[in-house]
Structure formats: C-alpha cells, structure tokens
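Order of writing sets the chain letters: A, B, C and D. Residues in each chain are counted from 1.
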Amino acid sequence: MAKGKAQEVQVPTDHEGVLIIVEQHGGQAKSVSWQLLGQGRRIADKLGTRLMALVMGHQVEEVAQEAIAYGADVVYLADDPVLEQYRTQPYAHTAVEVIREAKPEICLVGATYTGRDLAGAIATLVETGLTADCTQIDVEPPPSRLLLASRPAMGEKLMATILCKQRRPQMATARPGVFEALPKDPSRQGELVRVPVTIREEEIAARVLEFIRDPNRVNLEDAPVIVAGGMGMGGPEGFEMLRELARLLGGEVGATRPAVDAGWIDRAHQIGQTGQTVRPKLYIACGISGAVQHVVGMEGSQVIVAINQDPDAPIFQVADYRIVGDVHQIVPALIEEARRRALVGEEAVARG
Amino acid sequence: MSVQTQNGKQAAPVTVNLEAKLFTIRYKADTAPHLAIRDQAVCAACERPCETFCPARVYEWQAGEGRMHVAFENCLECGTCRIACPHQNIDWRYPTGGTGIAYRYG
Amino acid sequence: MHVVVCVKQVPDSREIRIDPVTNTLIREGVPSIVNVFDLHGVEEAVRIKEQFPGTRVTVVSMGPKSAVAALRECISLGADEAVLVSDRAFAGADTLATSYVLSEAIRKVADQWGPVDLVICGKQTLDGDTGQVGPGIATRLKLEQLTYVERIRQIDPEARRITVERHLEDGVEVVETALPALVTVVEGINQVRRASMPGMLRAVRYEPITWTVDDFPEIDRTRIGLKGSPTVVGKAWVPEPVSRAGETLTGQDGEEGPGTPAEVARQLFDRLLATELPAQIGWAVAPVPAGDGGAGTPDGSPVNGGVA
Amino acid sequence: MAKEHFDAVVVGAGPAGAAAAYTMAKAGLSVVLLDRGEFPGAKNMFGGIIYRHELEELIPGCTQERTFPVERHITEQRYWLLGPESVVSIGHKHERFNSEPYNAWSTFRVKFDPWLAGKAEEAGALPIYQTVATGLIRDRSGRVIGVHTDREDGDLYADVVVIADGVNSLLAEELGVHRTWRPDEVSLAVKEVIALPRETIEERFNLEGREGTTIEFLGATSQGMTGLGFLYTNRESISLGIGVMVSDLMRSGVKPYELLESVKAHPMIRRLIKGGETKEYSAHMIPEGAWRSMPKLAGDGWVICGDAAQMVNFVHREGTNLAMASGRMAGETIVEAKANGDLSAQALAAYERRVRESFVGKDLKKIQRMPEFLASQDPKQLFDGLIGALNEAAFRFFTVDSRPKAQTHKEIMQDLIQAAGGPGGLLRLAWRGWRAING
C-alpha cells in the first residue's frame, strides 16, 4: 500500500465486468468461491455490469455449471490435463490470458493459501494493484466504479480501504467466511466459454508429488472454532470431552500453559503468551480462569464463550456468553446438544 | 527491624483488576521458565507470603493439585521473591536475554 | 549455492494496542524488528549453508537507513552479506513496486556475487500482511514459485531440483521443482537460533552495503516508489472495539436461573445459531421440523422463550 | 578462533553501565556494553528524576541537545504528609528553576536509558544487548578475566569487568562481595503511568509550558509500612508510585497492587489523576541500605557501580544520579589504570576511594543512620500515628471556633507529644531523625 496522494490519471475504460476466479480441488469448489460470486453479483449489479467466473482444472465442467447456478453470467472454463492439480505457473499463465481477453475491471480471488499464491503472480504479470485478505468489498457507483477493498492492517488493529485508481483490473483476495453465497439456483442460465490452454506440460517444472491430508494436525491458526481447556478440566480425561466437542463443531482443541505443563495435552495446543495467538470465529474457554497470559492469545476471537465454576473468574470479562457451572456437566450437555442439532462442522468454510 | 504491624489496612479494601494492569505491559515470553520452585513440599508447609507480596501475582497455590503454580510469563523481574521467600525456595534466574518484560515507558 | 533472503524491518504490529478510551493506536513501545517470517527465512538459508558448505547467504532489504539494524541482526544469525536498498525514490512503494525493486536488486546481487539458486522470503510481513512480494519477485525473475513452505525436504544442487512441503488448509502438499526457485516460508519451518556471541560481535561491527537508485542505472523510474504503486490507502480507521455481549446464560430465558446444564446448552446454541456464526464457520444445521419454534428439544417441545 | 580480548566488559547498560562504557570508549578503550533487555532500559522503572549536573559532568552539553529525552523540567517540588483524608504540605517553587540551565527533569527510562547507552555506542562501545551475563570467568589466581553469557560461544574476556547489573546483581553475589540483600535493605516500588491531556495536567498542577512538579508523599498511604510515594508530571501523563520496605511488605500481607490502588483512591491524589487512563503498570526494587550496605567496590579485575552497590540516596531521591557518577568514576579509574599499565586490584581500588570521597560516598554516609533509624521505629506509629496526629493538629489549628487559641494550641502540642510516645519520645525522635539525615 502506498501512502499519499496519487495523481489523477485517466482510468482505463476498456475494462468492464467483475471476474471471480473459482478455486476447486478435485472437482470440488471451495465455498469461498461461491461466497465471492455472491458478493460479486452484488457489486456487478451496482455497476450495472456482468459477473464472470473463471474455472480452471481438468474435467471440471460441472464446477463451471455450478458457478452459473451461484450467480455468474459468463463462465470461462479452462479444462486441460495440465491444470489437473494446482501449480502456480500454468494457472497464472491461463488466468492472465483470460484476463487479457475478458478485460474485467475487477478480479476477486479467495484468500486461501492457493488463492493468495495465484493472485500475487497474476497481479504482477498484468502489473496491477492487488489488495490482500479483504474483509469488506464494495464499489463506488458509476462513474467512478472504484473498488473499495477494505482489510485489517497493523496486526488487525486498523482497517484500511485500499484503492487502485489507474490500473485494471482492480484485484483483491477476500477472506473465506465473510461474504454470503447466493442460494444455488440450478435453473439459472449463463454463458459457458471454453478457453484454450496454451501452456504445455513440458514447459512446467513443478510436480505435485503427493498431498498428505492430516486430520490430526493441530491447526489452531486456521481453525474456525477452538474449544480450549484449562486447569478446571481436572485431567487428561477432561480434554477427551473437549476433543469430542471440537470435532462436532468443526474445530480444534486449545489449552492453557498450566494444563500443558500438567501433561494433560500436547504443547502444540498451547494458546497464549508462551503459545499461539489465535482469532477463531468461536472460542469456548472451559475451566480457564483467564489469566492475562492466556487472554492475550485469544482475545481477538469473534465470539467467546466461557465456562467456569468461579463467577469472578477474569475470563468472564472478555466473554460474550458466560456459563457459571461445572465443566464436567456443561461440556457433556454441549456435546449432547450439538449432536441433537446435527451440526456438521467438517465442511468448515474457513478451511477453504 | 522490630516492627510489629497489626496488618494495618486503613483504606477501605479496593478491588483491583490486576489482569488489566498486567495487560498494559509488554512481555516477550521466554521459552523456558526462569523461575522454579525448588521443593514443592516446602511451599506446602509454608504460609506462602509470595502469594501476596509478588506485584504480579506470579505465585498461586493450587490447592487441588497441591502445588505452587508459577505464572512466570507475567513476572516483572523485580526480584522481591528472590529476597523475600522465607525459605529461599525459589530458583530465580534472569530470563534469556531479550525475553521477559519490556516496558513501554518505565 | 547462492541463497538470497529478502527481509523487511517492520514495526512489531503484535505489540500495537488500542487505547480503549480514545480508540486510537498506542504506538509507544512498539519496537522495530525483522519481520518474523523473514527471520525464519534467514534461519533456513543458514541451515542450507550448513548443509552445503560453500553456500553464500546474501540478505537484501528495501527500506530506510534505520533498517541497518535489521540487517545486522541477519548477519548475527549467520548471513554472509547484507544489502540495503535505500533511497527516497523507493519510498511509498506498494507490493508491486517493492517486488520490482527487490527483483532488480537480486539481479544486481547475482551480477556481483554469482547466480542465485534460491530466493527465500517470509510468507508475508507483519505490517503489510499481504504475502504478495514473494510471488511478485518470483514472477518477475521467472523463478519457480513455492509459497507457504513448512519444510524443505531436499535440495539437489547437482540435479538443480528442490522438493518442499507446502502448508495448506487441510494438509501438506509435496512439490518438487527446478532451481532457481523462490520459497516463502511459514513460522513452522524452523526454530530461529539465538545468535552466537561471535555472530553478535560480527554484526555490531558490520556495515551493510547500501545501494541507492543511482546504483540501478537501468531501472524504470516510473515503476518504483509512490509513482510505481497502483494502490493507495483511501481511508484508514480503527474498527469499533469488539463489543462483547457479556450475557450470563442461566438456561432460563426471561426468568431467574439457574437451569440444568441441558437447558444452558440449549440456550447457548440458540444464541450462537441466531448469529452469523453458522454461515461463517460453515455449520450445516440440520433442518428443524416445522412448528418447532426454530430450536426444538428432542421431544419437539419448544425451548423456554426460544430467542433464536 | 582465538578469543578476542577487550579492555573492559560492562554488564548492564543502565545509567551506571552506560556512563562507564561512555567514559572508557571515549578514551579509546575497547569496550563491550552488555544488557539483558530487548534494549537498554527495557526492564527499568523510574521513581525519580534526572538531574542536569552529573549528566553535564559526564557529557558536556548533552542536556542541550534536541534529542535529550525528557518530559518536563522541574520547577516545583512538594512534600506531602498524608492523613487518611488530609494533607500537611510543604513545597518550593522557584521561577529560577524555570530558566536554563534547568536543574532536573522528569523522564521515562525506556527513552532515557537507550539515549545514554547510545552515547556510549557513538563513542565506540560495542553494544551487545539481549544477552545475560550468567557468570564471571576467573583465572587461577582468582582474578576476574571476563564473563560467561547466555549465548553460544558466549565468553567475553577483558582486563576489567564493570558490574552494573542493577539491584538484583547476581554477579556481585557470585563475587561474594555481599550476600543477597536482606528484606530490610531494599524496598519494592510499584508505579503506574497515567495518561491525561496536557492541558489538564497544566491546570491541575498550575504549570505553564514544559514546567513540571514533583510530589513526594508519606503517611497513611503506606498502610503502616515504611514507605514513600511519588508523583511526577510528564508531558501527557503522570507517574504515580509508592515504594515500601520489602520487610514490611512481607509482614503486612498487603498486596503491592492493592497498595497502589489505595494510593490512587486517596482523596488528595484521586483528584489529581481523575479521568486518567493507566498506560503502564510497573514494579522494581530500590536499594535502601545506603552507606552501611555498600559492598567493596573494586577488586582484582572488577568494579561495581550503581544499584548493584546500593548507591541510592533515598532521602534525596537520587539513584540514576549516583549511578552515572559511579559509572563515570569507574570508567575514569580504568582509563587511568590502563594508561599507567597497572590494572591490579590495587590500582582499581582507586575507584573505591574516589567514590567514597566524592559526593556519592559523602551523601550516602550522611544518611547512613537512616535505615537503622527507620528500622528502630514502629512504622505504624511513625507513618500513621505521628503524621496522623500532625494532620489532626493542623486541622484543629485551622479550625476557627470560639475557643481561646492558647488552649487549642496547648492541646495540639499535648496530642502531638502523645503520638510521639511522650515528651521524651518526641525529642528522641526529633534528635534521632535529625542525626539520621545528617550522619
């Protein structure tokens, strides 16, 4: 982000429309792509223009049809064996060709690991401005048609709206889980444009050797839900309950340092000053008193639920929902309730 | 000193949100504790004045566990416990260089 | 091997607090540090040097003169040389202009000290948080791009191949590609060492090489600094502090508690499901039978005063 | 690789160490300046003010520099004797303090210490921060020849080690020049920096521009413990703290942060900080033993400066001042010794003589009976009883009613004498107190 005032230069006018780059793996689209189509629809309507989608992969025509069902007017489909697996070079190469052809004024990509990898390469190739990791996306109505891409900055302490006045397309990556997808409408009509893939396998150096799916990996950083336990859990058995609740809610288990020190759970789960700093959508603190060294690691969570027997526990000061009671009674009740409501957390949006 | 105070609190007891105070301080946690209890059994038999004289409430007796919990992350490194532990039962070191407390004003 | 590590001196944004009264940033006591992810990059480079003796590690940074301190820290950790690209003409750069200048600097490094086999960047900076400079450099220098690397499995200098593990949302992707490559690293890739005393002493005496814009006669001056930066900050604001509902759940809506654990649990889920959380988290909530009041109990009777 | 050898290694980059390093580096000696903090001053807390004279002695002209990191120059100093809801005050404000050269300033250690250490760096001292000196290296004869540090390959060798590692001087303990301080030789001070708008501070303290006020207070605020409170104006904040003897703290069962909170709630103080936001809480120990707790200051290959050697004049609120003076004298001694080619223990002993003959030693000697005096008093009687009675006396003195003044004044005196433990008691107290302050 540059500071200061840029000179008013003529905005390129030959670019029009909103393009969403759809991310799919093995024919399965990431839900952030549909969320972006939803938001793309809103801003395209505001600009009175068309909403385009780009689907790249191999044997992914179904995904292209889905993109129409989720709101796209036009879908560019690049279907080729070289795009079977995501690799930066062929994907960026193909996307740039489509962008040069379709000339969108706005191009949005999901801020996933893959999306950020791709968007950075594309923006450099087309020499345009890219705003990363947006949590708000809007446009100024015509005639300015400027993309208002807003994102947290300075360690999430500040929000900034970034503008790209002179270059097109205006690019942004947006976080999963912040925009709403439109309801899927299979009857929706749209145009499907097949684009040739001009890059050949011999030109590509990278090989994806394998993908190791690791459900046991502790991934506190990306977890949308964290169920954390402290000394109030009473022992390793207490953490078994938390694992179950976390599994049902599609989250991870966290812990305070004393609980880790007591050997009840592995250090990889530790949250706080000596552990990780997390900011999930939902944080459930179980039997955690809320000492400052723990709170600094989780206070940024969107919704905090605290369960503690001591009504004066400091954790309640940062909680949205306070439950004064015995974790050994409350947590099983929560597990029961989550089961009863048949919550399915495995398809967590924040995981892509 | 031959002082005998009768626990002379005069002011009305004030509730202090120590968490909020500690929250104002910048810390960079050491990877390993720089404070250690030499012998938990000594603490068990002690009146544990450390629970009151420590300005950061680093020491908290866990009755259930029967052990002294040391929240070394919040230590202000003042050294009071080093001098005032009645049984010299605290192994007091400086945290690793560059870690521990770092004031914003001082 | 010649490894270049790109580093940036940043304010430690993790230390920035918001004044709860004025709702402004507290900037006191926010130190300038080497971007943490970049430090992991330096560490990884030094480990490569330890694995392949004769490897040279050059650190490159763009920034103000005060960034010398950051470069010295990299020297203390074992980097061989450090270059600071510093000029007013470079100031105000966004990621596009930054990656242009850094890629030009890396070309110059290669001219002076030999071809570069590997460029390492942190996955993103603490202040900008974009993660775009790495891909930008890779694209400009036509290097193989490997982002979010949590482990370098193997480097084969003879075959000129590199195999890495990339950190993705739900697992690890193993990719093999050709050198020269650019790798961006995540924190988990290694534990940054503590500088040794000889390293510290070398660092305090070390003067980084400084290049100004005049050291780049070929550079396109329309593509650097503020002028070369397509993005500008429109406005910046401190978001309203998260207001915590602060509700004590008793399990008995509208009445004095306390309710049973089951009632409390029901109440909590009623609250949570009434928010945007399910959509954000991706909870697929099972359809509740009609006439159930939105939040039913197993026997179908409505929950007390179901707010949801 | 052969070990590098330095003329001096200075442990601690606070005012004492920085002054020593500056003095030596300026004279061309090779000096390493060690500090365990993220930066010099990171772990320090200020309960005092900075005086010009010693700084100018060390680095002439430095207080005139634009970068001299101070908050306000002090033009008014007040002493408050506090009852639970009253104050008897004396103070002094002088317009002459309001013109250059200023006498003293309020400041923050996080700004001041790096600035002073920066002077040493500019002079050529090698700054090695974020490094703990974990022990002393000695040769077979027992001479100190360097320090171990907590870094890999971390030993540093030098002709002289300057020990300036503060009140918790683990190196001085290792040396055996003193055992750990007793709880009655140190106090614990807790403090808050409380932010207020500049105009509010100027209004409340009757200040203009960069003028500043200090208030030292004692009495009811220390809750029956031997203690001293302090309040200083900074540009846009107030430093408010209180120090109490660790020995008293152990006995009283009062929690330091509750003590500070009750100070903040005192009616005379509450209104000065009203509406302020706490920016930082801090705690630090202060040496209170003075002359009689001072250890041996120099030996074979080592010297000790500042807090590490109990050099604090708590009566006159001078800690950094003595630290800088002792650091400068240590530096000067080593420079001379080096020039003479004689770095023996005998040559370094000149530092000890220098300190003891300077104002540092003389002032500390002057107050040498103070710790003993305070220890001999029941703090409850002294800080609550006597100061309480004084406040009561003042209240009655200033209350106008129909009683004859002579009778009221007589009663006041009687009550005061009573509070001091009888007529002899008051006299004894006055005499011993006088002696304690005047050697």
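Quick note on the criterion: a residue touches a chain if its C-beta (ideal position, glycine included) is under 8 Å from a C-beta of that chain, and two chains touch if they have at least 3 such contacts.
If you're wondering where the values come from, they're calculated on a predicted model, not measured in any experiment.
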Identity of the most central chain, Cα criterion: C
Winner on C-beta contact pairs when B-D is weighed against B-C: B-D
Chain centre separation (subunit B, subunit D; CA means) in Å: 22
Centre-to-centre distance between subunit D and subunit A (centres being mean Cα positions), rounded to whole Å: 53
Whole-Å gap between the CA centroids of subunit B and subunit C: 35
Whole-Å gap between the CA centroids of subunit A and subunit C: 15
Residues of subunit C engaged with two or more neighbouring chains: 26, 28-29, 31, 194
Sequence positions of subunit D contacting 2 or more other chains: 38-39, 110, 131, 149, 151, 279
Where subunit B touches two or more other chains at once, by residue number: 22, 96, 102-105
In contact (per the touch rule at the top): chain pairs: A-B, A-C, B-C, B-D, C-D
Contact footprint of subunit C on subunit D as seen in their complex: 1, 4, 38-39, 110, 126-128, 131, 149, 151-156, 277, 279
Interface residues, subunit D side, partner subunit B - complex: 36-39, 41-46, 84, 108-111, 113, 129-132, 149-151, 167-168, 170, 180-184, 186, 188, 190, 192-193, 220, 223-226, 237, 245-258, 261-262, 265-266, 278-285, 375-380, 384
Subunit B - residues contacting subunit D, complex: 1-11, 13-14, 16, 18, 20-22, 24-25, 28, 49, 52-57, 76-80, 82-84, 86, 93-98, 100-106
Complex contact set, residues of subunit A against subunit C: 1-6, 31, 87-89, 92, 112-114, 116-117, 119-121, 123-125, 127-133, 148, 151-155, 157-167, 177-178, 180, 205-215, 217, 219, 222, 224-225, 249-250, 277, 281-282, 300, 302-305, 318-325, 329-330, 332-334, 336-338, 340-345, 347-352
Contact set on subunit B toward subunit C in their complex: 26, 96, 102-105
